[in-house]
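Here come two complexes built around subunit A, the first alongside subunit B, the second alongside subunit C.
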Partner chain A sequence: MAAILELKDLCKSFGGVHAVNHVSFKIEKGEILGLIGPNGSGKSTCVNLISGVYKADGGDVLFEGKSVIRTSIAGRSRMGIGRTFQSPKPFTGLTVFDSVYTIAMQTRSYKEASKISGEILEQMGLSQYEKMRCEKLPIEKRKWLDMARVLVTRPRVLLLDEVMAGLNPNEIDESVALVRRVNKSGITVLFIEHVMKAVIKLCSRLVVLNDGRLLTSGDPDTVMNDPKVIAAYLGRGYHHAEND
Partner chain B sequence: MLAQSIFNGLVMGGVYALIAVGLTIIFGVMKVINFAQGECLMLGMYAAWALHRATGLSPYILIVPVMTVMFLIGQFIFSLVINPIVGRPPTDFVVVTMGLAFVLVSVIQLIFSPTYQTVVTTAKNITIRLGSVSLGTPRVIACGVMIAAVLAVRLFLKKTDVGRAMRATAENLEVAQMLGVNTRRNFALAFALGVTMAGLSGLLLTPIYYVFPNVGMPFKTISMVIVVLGGLGSIGGAVLGGLIAGVVEAVLGAYISPDLAPAGIFLILILVLAFRPEGMFGKGARKA
Partner chain C sequence: MTKEKPSPLKPSRLWKAGILLAFVVFLFLFPRMSSSNYIVSIGVTFCTFACLGVSWNIIGGYAAQISWCHSSFVAIGAYTGFLLFNHFGISPWISVFAGTGISAVAALIIGSISFRLRGPFFSLCTIAFAEIMRVWLLFQKNLTQGANGLVITFKQESFVNLMFRKDDAFYYILLVMLILYMLISWLLQRSRPGYYLRAIKVDEDAAESLGIKTHRIKLFAFVLSAVMTSAVGTIYAFFLTYIDPASISSMDLATRIGTMAVVGGAGTLFGPMVGALALVPLSELANVLLGSSGSGMLLYGGLMIIVIIFRRGGIVSLFSGDGAPVPALLKKLRGKGQAKNGGDSGA
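Let's look at the complex of A and B:
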């Protein structure tokens, strides 16, 4: 399969801290790739480098084989790189419908934008909140609003940054089904998550970061049983807990 | 006399509010202060004066043409001067807009000379009586137009697709960019709209003030005070701030000395900021 997104020797430092230190990996077209690692390992920095929020100190980001390292945030969005945020960032002054519709309107006619906004909000289970101002939307729903907004931009790669944090087991199951549906619709997913149950259910491959460096990568079974990953991230109790 | 002063202040405050609303729109979306806002008001006065001279029509009939001219000037200034510095540190914007202010004054001086010009309207000679209070018609018209303009701007921002996109840009620029919103176009629109509001204020002032190249300077200072007083980025705050500034100026002018009026406005600003550093309706610093 061809790589839709590739990080090549990517580096980013904040002062003396090497948040991302010569990291390279590829995301194949159509897959759900899990990006995991302990807090501070550089996962969100990678997302910010891919989406253009941060400028890389070195290395390259290739989208469909072309470098996007000098492309603006908006340019990357137009090319098809979409993302959600670890802490949701709704447009608090707009209603739920308007915040999706306003994004949809950027590339569609009024009728089409209105239709697609309604459909996506329904998919996200947000139809009943359409007229609510985003600032009043329950916290857990804001992540799905983030997702709805990015889906109307017709992304080809979706960077999901800890969308399942804080959800209860039922909500996690629903969210797993939702991410799978999104992926089945043809959208490649980079899935950054600490909820291992969801990671195992969804991802075909995993990339593990630690201290800003690539620790290992491979299929979920191999990675989860890798002693380096257990020592750096999962902890010895993880497998015992899984077996209990 | 107090009622007369308050009414005088309210109608003049309406004009201040309109200038401040223009400044607020620019700040709200772009998060920068236009230090040439007073000079944009001056351009509006000259546009009204020139069109009045050419056509003989009352400046009030020229509202739409002057607003159109000012919008186009705003777009032109944005493309030529502002667009190249978008994304650069705010200090660049301060220096560039201050420079722009000097250039605009100099260009107008070169074209029209520093001579004071006047716009004569029949409205100037009509006084409106409300019981014991009498008000000059141009000031009442200015206040009425301010109310209509502010309502129109609010309606535009709340009910139109472009307005909603501008609000999304204003709220979180980075997120709006990541979602494909054309933030550059929204900046251009906000800037042109802010310049148009300043120009409209200028037109409304032509029957009241002389038209000369440096006429915008005091209005610029006062509108900046009003914007901070009302809360940066708040249209409602700018309106209330404008009305308060107008009333304070009129009452102090009538009872103590017109020279003390600006000091009174600054005193109110200090008092408000002591208790609400974000201004009356400000939301404080937004987090990304």
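Let's look at the complex of A and C:
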């Protein structure tokens, strides 16, 4: 399979802290790649570097073989790199429908944008909230609204930054099904998450970061049993809890 | 789905249409209701500041990019109109286009530089531009007569040269402009840039990461706002017949323009007009009662503080039920009161 997104020797420092330190990995077209690691390991910084929110100090980001390192944030989105944020960012004051419609109308006629917004909200199970103000949505629905807004941009790669944090087990199951549906529609997913149950269910490969460096990568079984990953991130109790 | 609580003051659509129609009829009949030229001149001031507020609202309200240089665009329109008329006899109806052109270029330059940066840089740039403009007008004595200002001498009644014996004509010209500006604002709200501006106002990072070209949209809004402001500046200057840097290019004027929108309801269609409707007569009343032209500014400052603390959505939010977050301080006080009364905190 061809790589749709590639990080090449990417670096980003904040003062003396090397948040991302010479990180390289590829995302294959059509896969769900899990990006895991302890807090502060550089996962969200990687997402911000890929989406252009942060400017890289060094290295390159290739999207479908072309460098996007000098492309603007909006330009990357228009090329097909979509992202959600760790904390939902609803367009306060706008209704649920209008916040999706605002994004949908960028590349469509008003009529088409209205139609596709309704369809996406239905797919995300948000139709009943259409006329509600975004800020009044419950937290998990806000995360789905974030995803709905990204999906109307017709992304080819979707960067999901901790979309399942704070959700209850039922909501996690629903979200897993949702991410799977999104992936089956042809969208490649980079899945950043601490909820390991969801990571194992969804991801075909894992990349582990620690202290801004790439610790290891591979299939979930191998990575989860890697002593380095257990020591740095999962902890010894993780496997006992799994076995229980 | 939880139903939103309707505001007790929220009027129905039919009521809204009725109130609006009655208000438009009232505005058109206003000069006929009084024989006093002073009362009509208050009407002219209302229309002028409502137009300026609507213009400011496009960048300051919809996009929440606070501009302090709108008085400079008024000055550009005013001085261009006066200079072209005094030196070349050009009608203000033509010089309006020259003024708007210069203002558009100025806005384009300020915006291109400052919108690339986040945070307060745009506001700081507008303050710098306003000061540069004021000082430049003050020291270009050959062109602007400096602090002495410029005068238009009344020759004969002429629509082409905007010279009228009574203020009724200026009132109607500015009223038509106000209706036109409201229409532009209404169309903008319903258009793509209007939606994008509201998204930018809430979260610029999110808007940009979803593909919105925030820099370009903000620039468009700022140029449109500057052009509209400048056009009012030209007409208003011919009503005043005298302009000088202290009155037409001052921070006082810039503050008054922004206050109209903030007090009425920034980022709303009717907010700036409602703000002007409340502030212009109040300011006149304060000047009459307190006998000083500075009392109007005191009033603006006081009202601005009250609105920011108690009603961020402005006056219009009283009727729509939105944009009125209870300030943290009041919430705390309310919380303490509840605790004292053995509220439901469960503590």
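Quick notes
FYI, the second predicted complex is superposed on the first by the 244 of 244 C-alpha atoms of A that agree within 3 Å, B and C clash if a C-alpha of one lies under 4 Å from a C-alpha of the other, contacts with A are read in each partner's own complex, and residues count from 1 in each chain.
The definition used in the following text is that a contact is a pair of C-beta atoms (placed from the backbone, for glycine too) under 8 Å apart; a residue touches a chain by one contact, two chains touch by 3 or more.
Quantities reported herein were computed from a predicted structural model and do not represent experimental measurements.
Because the two structures share subunit A, they can be overlaid on it, and in that overlay subunit B clashes with subunit C. By the touch criterion defined above, A:T45 lies against neither subunit B nor subunit C after alignment on the C-alpha atoms of chain A. When both complexes are overlaid on chain A, the residue A:M132 reaches subunit C alone and has no touch with subunit B.
In the superposition on chain A, A:T188 contacts neither subunit B nor subunit C.
Legend: residue contacts after superposition of the two complexes on their common chain; A:R83 is shown touching both subunit B and subunit C. By the document's definition of touching, neither partner reaches A:N210: not subunit B, not subunit C. In the superposition on chain A, A:V150 makes contact with both subunit B and subunit C. When both complexes are overlaid on chain A, the residue A:S117 reaches neither subunit B nor subunit C.
The clashing stretch of subunit C relative to subunit B, chosen from 4-12, 184-192 or 328-336, is 184-192 in the chain A superposition. Once both structures are placed on chain A, subunit A residues 51-53, 72-74, 77-78, 82-83, 85, 89, 91-94, 98-99, 101-103, 105-107, 149-150, 153 are touched by subunit B and, in the other complex, by subunit C. Within the complex formed with subunit B, the subunit A residues making contact are 51-53, 72-74, 76-78, 82-83, 85, 89, 91-94, 98-99, 101-103, 105-107, 110, 149-150, 153.
Contact residues on subunit C toward subunit A in their complex (touch as defined above): 1-2, 4, 192, 195-196, 198-199, 201-203, 205-214, 322-323.
The touching residues of subunit A, when paired with subunit C in their complex, are 51-53, 72-74, 77-78, 82-83, 85, 89-94, 98-99, 101-103, 105-107, 128-129, 132-133, 136, 149-150, 153. Interface residues of subunit B facing subunit A in the complex, by the touch rule stated above, are 161, 164-165, 167-168, 171-172, 174-175, 177-183.
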